[in-house]
Amino acid sequence: MSVFMDLNVPFTDNHELLQQLIQTAAHLGYSTVAINYMFEPSAKNKQVPVPADISQLIGPLPLVQGRSRPIRVLHRLTVVVSDPAHFVTRANAEEYRPFNLLAVQLTSEKLFHTACLQYDVDIISIPGTEKLPFFFKRAAINGAADRGVVFEVSYAAALRDSTRRRYTITNALSLMESCRGRGVILCSAAEQALELRGPYDVITLGVLFGLCDADSKDCVSSSCRSVLLHAETRRTANGIVSTRRREGAGPLGEAVSAKRAKVI
Amino acid sequence: DATQHRSEELTQTPRHLLVCERSSFQDEKNRLSTQVEMLHFNYKVSVLLPECSSAPSQLDSVLNSFTSFYLIKNLPVHELLDQHFLQTAVFQGCVYALSYRTRIDEDNCVALMPNGRLLLSLDKDSFELLGFEGKPSRFNHRVKSRFVVSVDLTSSCMAPGGSGYLRLVSGLKSRLNLQMDFLLLHHPGGGASLQSLLSRYASSEHRPTISQCRLSDLSCPVLESCDPSDAHSLLEWLGAVDADISWDSSCDFVSTLVCPEPKMTLSSALRVSVCGFLTPQDIQRLISELRCYLEQSRLGSWVSLTVHGFVDSPVSWGANEHGVLKGGENLYTLLMHHDGTYHLHLATGAYDSCPP
Amino acid sequence: MVRVKSRYLLCEINVTERKYLLQLDDRAVAAAVREAVGRIHGDYGEALCNIRFSVKYLNAHTGIVFLRFSKRFYKLLWSALPFLTCVKTRGQTIPCFLKCLHVGGTIQTCQKFLIKYNTQQLHRMLPNCKNEEEKEHVRKAIMNCSQAWGRKKDDDDEVRSEEDEEE
Amino acid sequence: MRNTDEKEETSVYRRVVLKNSSPYHYMRVCLVVDDQRIRPSVVELKNFIITGLRTLHGQAGAAINFDVLKYEEDSLTAILRIYSRGLVKLWSSLTLISSYENHNCAFRVNQVSPYLLALTGNSRDLQLD
């Protein structure tokens, strides 16, 4: 029972398109969207992107459908990790600081396992564009759930063609079977405004993915809120760690972060 | 057969309840007026008069005398606890107030019921900030994320100046600082009783909007033989009339909707609806007027009236908590017959208790 | 550890001529099932086929096949099996249909059923035998079936594999 | 599915509570196509939805009966009626439909209810300014 959110709206250089996306999301009733920047350390361009100032790009933010407040826009970074060296496990890495949310996308079972149990991130992204190169192990899934890290299933790929639709459904179903509907968020990853779907439509997709109505509704509302809280504690708690470290104290920040994440 | 083995999950729909009641106005124990009064926040009422081509003047005057309501923008919620407001409005008659443009499954919602009970349906953050006693919502799923604070402003422990009162006011004023748009009206005082509030904030007066539509050659089921197992087909028929769905579908491929049998054709019928923020008292008056009409009229043998409650109200009937899973329906249909008997159908969606 | 629940469907492939049976292989049968599920239940059905579906065992002599489905979706997938009309293998289309004999939670229960079923079939063949030699043959086979209870552990390694998969 | 608490107080009075009894669900939907000139007829619309059902749920999906109770060609809005058991299949198919005659499109589902009456009295439509 929280506002509806879409925590994955891909960033594009095309401002008009970005504006359409945000406008449509607001019109469909999303109160919060996160603009997603992809970062592939394996690619040639090794610079971590810098989030743009949204209000400068698209002007005043549109009002949320049926409400008198404007939509809230956040920034999210997704790091595609295909090698352990790609992800800066050092807590509180400076280059990740400007982003409200930090996500990873993994390419192998081993990395997936490590990410679930150790990476200090908010979201682990499950791609819908390809067959997963690994199975979900319950230990890893539970580990992530205990730390308040959520899995993300995005549906835009399922709109594009049959093959990707099957992969999306298969991957989502396998994930839901392992995690029983907990700690999952449903996002769009829509590249065009017409690829966005309303919150209640997404909830029905969740039912197709094997969730019950109420669980599915949590995937676009309550669970998203938990992610935001997790991200906030991650960013601030890490701040505590850095001050503490100078005094030579233990990893208090980690403990705080884990505790808060559970409370949510 | 492929269709027999569909997976269980994909065939289920959210819970919904329909109460079908048959009684008579002559029956002294009939509870109709309580049932009408218990649904506090009404959005729309629509009436169907068969064999009638223009509204009788008395009915017109009842429709036109529905109480006006006010929209106040950015009203701090603690103003509803203002001492002067309590003295001049809440303790003098009934105040109906409902937060506007807030959604019960997403946002904080506030309602002031006519019996002086203030309801705050808050998300967890706001509830913790407020620091006042409340209960977790009945419709929380897995985690307690929504809480309901319910206080009786007329009770002695909430008397202005008392400790409970001060705690709530200070919570609303200094900690939570909750502001929202409100729909507001006072019965029977009207705008005069609310003047102190209306003058201090941006507000506007609104009349309920009335729309009339004359229908002709309408296929209609014979309602005398109405039986509760047919309730859904009757409600479907009324819904189709309300939504202007035509019965003579030209093509079976497109639609197989048919009028329930046995059926007849009404040469004319009148559909009237009033939309806005409506009080149960006004609806009560409308019902008695319709009864008079039914007794006098020779042609029509029945009249139907449908009332829709607000989807995002924190309560449906009485103090029953109300929520939205996907629909948030709370509505009732009253079918009155010539002989004083009536059928009442009360419907709710997934997050609601059984109607009274 | 939580066991991943499966359902095993024991099916008999019926063909017009026995020689066709010998041309069948696991992959062709799996593809045919997948095709039928895709036809009847669309992309959703095919997506379900990606979860734990496999042809666990195929006896090309008797036409017996074990299909494994995820327990949660087996009913939906099963409902598409009557619509399987042919199997395509090595450029050939073999018209056939599947007859489901038994549904079990483990391969073992299916196996027990299969032995019972085979014994029954043999008993039914007995009166139809033309001469003593044939009869003796069938009797022997029946004996073998009852002995198979004890021996099956050594025989059917292939069938027993991966039975108690854990995750 | 149905529990009844009947009280025979008088000959007239009768009360029945029906749970999850609505045979149908009703949907108010709107088709959005990126090319504004495209206006499918009601038959084309129904065929289009059936195609969507067939793609996602196969022949079993295409066999689900639903009705287009009302369709406005100008606004591309429609009211659909579907057997309650088929609601999730129809709704998910509508959600995953993304192109109409090679144009990008989307179905916007405005409201879904087990009561057709609820579609004409949704307080979320109240516009005051």
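Every chain is named by a letter (A, B, C and D) in the order it is written, and numbering of its residues begins at 1.
Assume a residue touches a chain if its C-beta (ideal position, glycine included) is under 8 Å from a C-beta of that chain, and two chains touch if they have at least 3 such contacts.
Chains and their UniProt names: A = Ribonuclease P protein subunit p30; C = Ribonuclease P/MRP protein subunit POP5; D = Ribonuclease P protein subunit p14-like.
Remember, predicted model here, so these are calculated numbers, not experimental data.
Q: Based on mean C-alpha positions, I'd like to know which chain lies farthest from chain C.
A: Following the centroid criterion, the farthest chain would be B.
Q: From the Cα centroids, identify the chain that ends up most central relative to all protein Cα atoms.
A: Minimum centroid-to-centroid distance belongs to D.
Q: Per the definition of touch at the top, where is the C-beta contact count highest among chain pairs?
A: Ranked by C-beta contact count, first place goes to B-D.
Q: So the centre of each chain is just the mean of its C-alpha atoms; given that, what is the distance between chain A and chain B in Å?
A: The answer is 39 Å.
Q: Rounded to a whole Å, what is the gap between the Cα centroids of chain B and chain C?
A: A distance of 59 Å separates the two centres.
Q: Could you grab the centroid distance between chain A and chain C? Build each centroid from C-alpha atoms only and quote it in angstrom.
A: 43
Q: How far is the middle of chain B from the middle of chain D, if each middle is the mean of its Cα atoms, in Å?
A: Spacing between the chain centres: roughly 23 Å.
Q: Among the residues of chain A, which ones contact at least 2 other chains?
A: Residue numbers touching two or more other chains: 66, 162, 165, 200, 207-208, 210.
Q: Could you check chain C for residues that touch two or more other chains and list them?
A: 40-41, 43-44, 72, 79-80, 83
Q: Return the residues of chain D touching two or more other chains; collapse runs of consecutive numbers into ranges.
A: If we look for residues of chain D contacting two or more partner chains, we find 55-56, 59-60, 88, 112, 124.
Q: Contact residues on chain A for chain D in the complex?
A: Contact set of chain A toward chain D: 28, 66, 158-160, 162, 165, 192, 194-198, 200-202, 204-205, 207-208.
Q: Which of the residues in chain C come into contact with chain A in the complex?
A: Those residues of chain C that touch chain A are 2, 43-44, 46-48, 50-51, 70, 72, 167.
Q: Would you mind writing out the residues of chain D in touch with chain B in their complex?
A: Those in contact with chain B are residues 9-10, 12-26, 42-43, 46, 59-60, 63, 65, 67-71, 79, 81, 84-89, 111-124, 126, 128-129.
Q: Show me the residue ranges of chain A that touch chain B in the complex, using the header's touch definition.
A: Those in contact with chain B are residues 1-4, 31, 66-68, 182, 200, 203, 207-208, 210, 212-215, 217-218, 221-222, 225, 264.
Q: So in the complex, which bits of chain D are touching chain A?
A: Counting only chain D, the residues touching chain A are 32, 34, 55-56, 88, 91-92, 94-96, 98, 104-109, 112, 124.
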